[in-house]
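Attaching a single structure in structure tokens format; questions to follow.
Letters A, B and C mark the chains as written, and numbering starts fresh at 1 in each.
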Amino acid sequence: MKFKLDLSLLLVLISAAIYAQKPMDRLSVNQNEFVNEEGEIMVFRGVNTSDPDKLEKDDLWNENYFKEIKDWGATIVRFPIHPEAWRERGEKEYLKLLDKGIEWAEKYSMYVILDWHSIGNLKNQLYLDDMYYTTLPETFAFWKLMAVRYGDRPSVAFYELFNEPTVYNQRFGTLKWKEWKSIMEEIIIIIRANGGEGIPLVAGFNWAYDLGPVKEQPIDAENIGYVAHPYPQKREKPWEPKWTEDWGFVKEKYPVILTEIGFCDESSPGAHVPVISDESYGDAISNYADINNISYVIWVFDMDWAPRMYKDREFTPSRQGEYFKKKMRSYKK
Amino acid sequence: MKFKLDLSLLLVLISAAIYAQKPMDRLSVNQNEFVNEEGEIMVFRGVNTSDPDKLEKDDLWNENYFKEIKDWGATIVRFPIHPEAWRERGEKEYLKLLDKGIEWAEKYSMYVILDWHSIGNLKNQLYLDDMYYTTLPETFAFWKLMAVRYGDRPSVAFYELFNEPTVYNQRFGTLKWKEWKSIMEEIIIIIRANGGEGIPLVAGFNWAYDLGPVKEQPIDAENIGYVAHPYPQKREKPWEPKWTEDWGFVKEKYPVILTEIGFCDESSPGAHVPVISDESYGDAISNYADINNISYVIWVFDMDWAPRMYKDREFTPSRQGEYFKKKMRSYKK
Amino acid sequence: MKFKLDLSLLLVLISAAIYAQKPMDRLSVNQNEFVNEEGEIMVFRGVNTSDPDKLEKDDLWNENYFKEIKDWGATIVRFPIHPEAWRERGEKEYLKLLDKGIEWAEKYSMYVILDWHSIGNLKNQLYLDDMYYTTLPETFAFWKLMAVRYGDRPSVAFYELFNEPTVYNQRFGTLKWKEWKSIMEEIIIIIRANGGEGIPLVAGFNWAYDLGPVKEQPIDAENIGYVAHPYPQKREKPWEPKWTEDWGFVKEKYPVILTEIGFCDESSPGAHVPVISDESYGDAISNYADINNISYVIWVFDMDWAPRMYKDREFTPSRQGEYFKKKMRSYKK
């Protein structure tokens, strides 16, 4: 009995020794880079969790899940909060999931991106699926609450305001950049006024792919970053010149983070356009990102959603899992 | 037993022989006319059903109802879909009603107008009655769904975007034509992008009566038509010059369809302004329409709603029923 | 038995004799004053009831409550209708409360202010608390209904369109005066078109404190008044020059009414910024109002809400209750 207790205590101490860290820095923007409190450039590689609500139902929203992510080499995690899950679980219960996830991320020194995971046209309230349904006032209220609750917590470093704005070839109607820009700026004002000290991230049209309008009409706010989701089939090879043209050029002036990248082969469960590719994509996108000091976050650390990173509850890597596990571990920390 | 089977089979065959038609044409707009695939000008006369939900509750939403309509001489039917009925029955169940109604209309070679049957100011969400309540996003979503489901079905020829826009002498606040035009154009974009190949129909203010603003600011879209509901008491006799001034002038440049006309005498059940009149109105409006190649649709093939076209479940014509039954049958098909 | 009946009848007659009045005048605006039908300037002092829904639950929404208010010297009462209470009780039941309250106010010859008691940014639907939650269409519909039901009732003299517009230092985002002005003008149009003959009251930003923008961009409507809620801690002493600068200057051109004033000491239940002060505030604000023919309404005739006017169900005055009871009684009626 005593021995057992001692052993468990010992494990706790070892774990504490390994993971005890100085408190995480408040990140900020310096020119076109994310920097820590010492002004050092910070580049992150990490993974998307699936929706915390989904993981909780799977009995996977626990410390071990985060320990595994850390073990794969991640320094950042993104929580895709689906509006429908947010409403169905209820604000109070969902916040408990976020509280725990943030704590586990902190324990393993990983920064957190909060992501309001909708896909569609917020102006017209037309979305790809019911799970993405939200309204402008609900979106404002969500970010107000995030700012009040997590605004002074440095680990919660990024606020991704709206996952993937798209009019889907006008199936969701129209949305002008000027209208989108104005919505984004309003949310940023609300976040800041409610104490949100983190970095708001703004996505472009075409499912968070096209940042072209930023050239002429950047978001009118300081200390923000831009997002791209350059999945392999958004463009034909050679990708690099197109990436530069479509979103990479933004990095000349502002920080850019790829909050969703990933691939799988055609036979993989859930394979769909635009994610079908192979390791050549992995090489291309990680190299492009590394050369340009661009952080990236792989979609998705889950066994059911696609493209998956692992295949079973033992976290056996999928094909892209193997690729990115090796890749993430290869960076100097 | 065998005999009975044969007889019923025989009846089916006869019925098929009578009504079997070449597949219905996709209608389109050529200058100021609706035309078929051969480019021939098409002018329709037909009736409004009451709300399919209401008819289903009455046990009248069946083939016999459509057979009766055909027998009265109709070549078109309009389905007034009330937003409240749409929500209360639920999208899935309501679609089943539409599926069946469209099939019966096709069987009797009648074209269909889908009509989002609201009355009021969509901008302010103020309506004549709860049954007309809707929102802009619900209206977008409704038409998106209609386009996806019926967009490639030629029999579903017309989409009447919003039955009767009105601010009711400002009781519903204000609505500028520019605002209305912009809403209509957004819906048309959504319909087209979702595969809706039919002809959108746009109504004017004053309960779908006044098309004056079309002169200076027509809807910015091709292949559409305009709607008027010139009930008798909208204007004093002689009606014709006023009709030309208020909405008829539009026919010089664009197709126009009168998706609601009708009359009853004062003692008729449900008689109300602006529908009280007599056969002189029937003569005037049908002549005006015929001279100008304008299609018209009588309100309403129901025994409870006013002005009614029949009086009992045997479809005994009401006064306007008698008038229009004779009239519709008089046209060469 | 007979004696009892006679006695109660006698009491009714006495009561009728005391309170029977000529029907109340329709008030209107003449230049910068509220006037009666004889054109005489009318200045009111009175109290805010708490929410009629709250008082009904307390078993206080009865004639005796109004009799007590009258006895304190009030000539006006304001009903703060919280949107949440409105929805929860339901329109039909809430209207019964209003019907009764208006009748009792009339019996004691007190005018009524209907107040849509929300606090926050109506444009973004961000509010101080759930009880203040509403939407623009709900607000339109509320005032449409008020106009239809009470629009021709002279006792219902004022419509306070929205209690306290505030962006709370941008915690509720942004709201431009031009946007607010446009919302107010739309509501006024709706009220008038639905028969509302009373006087709409418009509040300024900063929780109904700052009327600065009225200087350059007054509301584009006749026969209206402006509102200020100059609680003591909105500004430091000496208050008078700041009051003039912030809202008092409006009285040079338009009527102004202070629909919420009040104070309590720090130890008082519910004491909070900006209401903490003492009788020096009572002197200052009532003098300022009196000198400028400005009506005022004390917050709040309740024993639970702060700053309260009485302390128990016997209506024992609180500190501000004593002050204002004496003050209100001191005016010539």
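Going forward, a residue touches a chain if its C-beta (ideal position, glycine included) is under 8 Å from a C-beta of that chain, and two chains touch if they have at least 3 such contacts.
Everything numeric in this text was worked out from a predicted model, so none of it was measured.
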item: Copy pair subunit B, subunit C: interface residue numbering same or different (half cut); value: different
item: Rotation angle superposing subunit A onto its copy subunit B by C-alpha atoms, nearest 5 degrees; value: 120
item: Subunit B and subunit C, separation of their C-alpha mean positions in angstrom; value: 49
item: Per-residue overlap in subunit A, given as positions that touch at least 2 other chains; value: none
item: Residues on subunit B engaged by subunit A in the complex (per definition of touch); value: 136-137, 140-141, 144, 186, 189-190, 192-194
item: Residues of subunit B defined as touching subunit C within the complex; value: 124-126, 135, 168-174
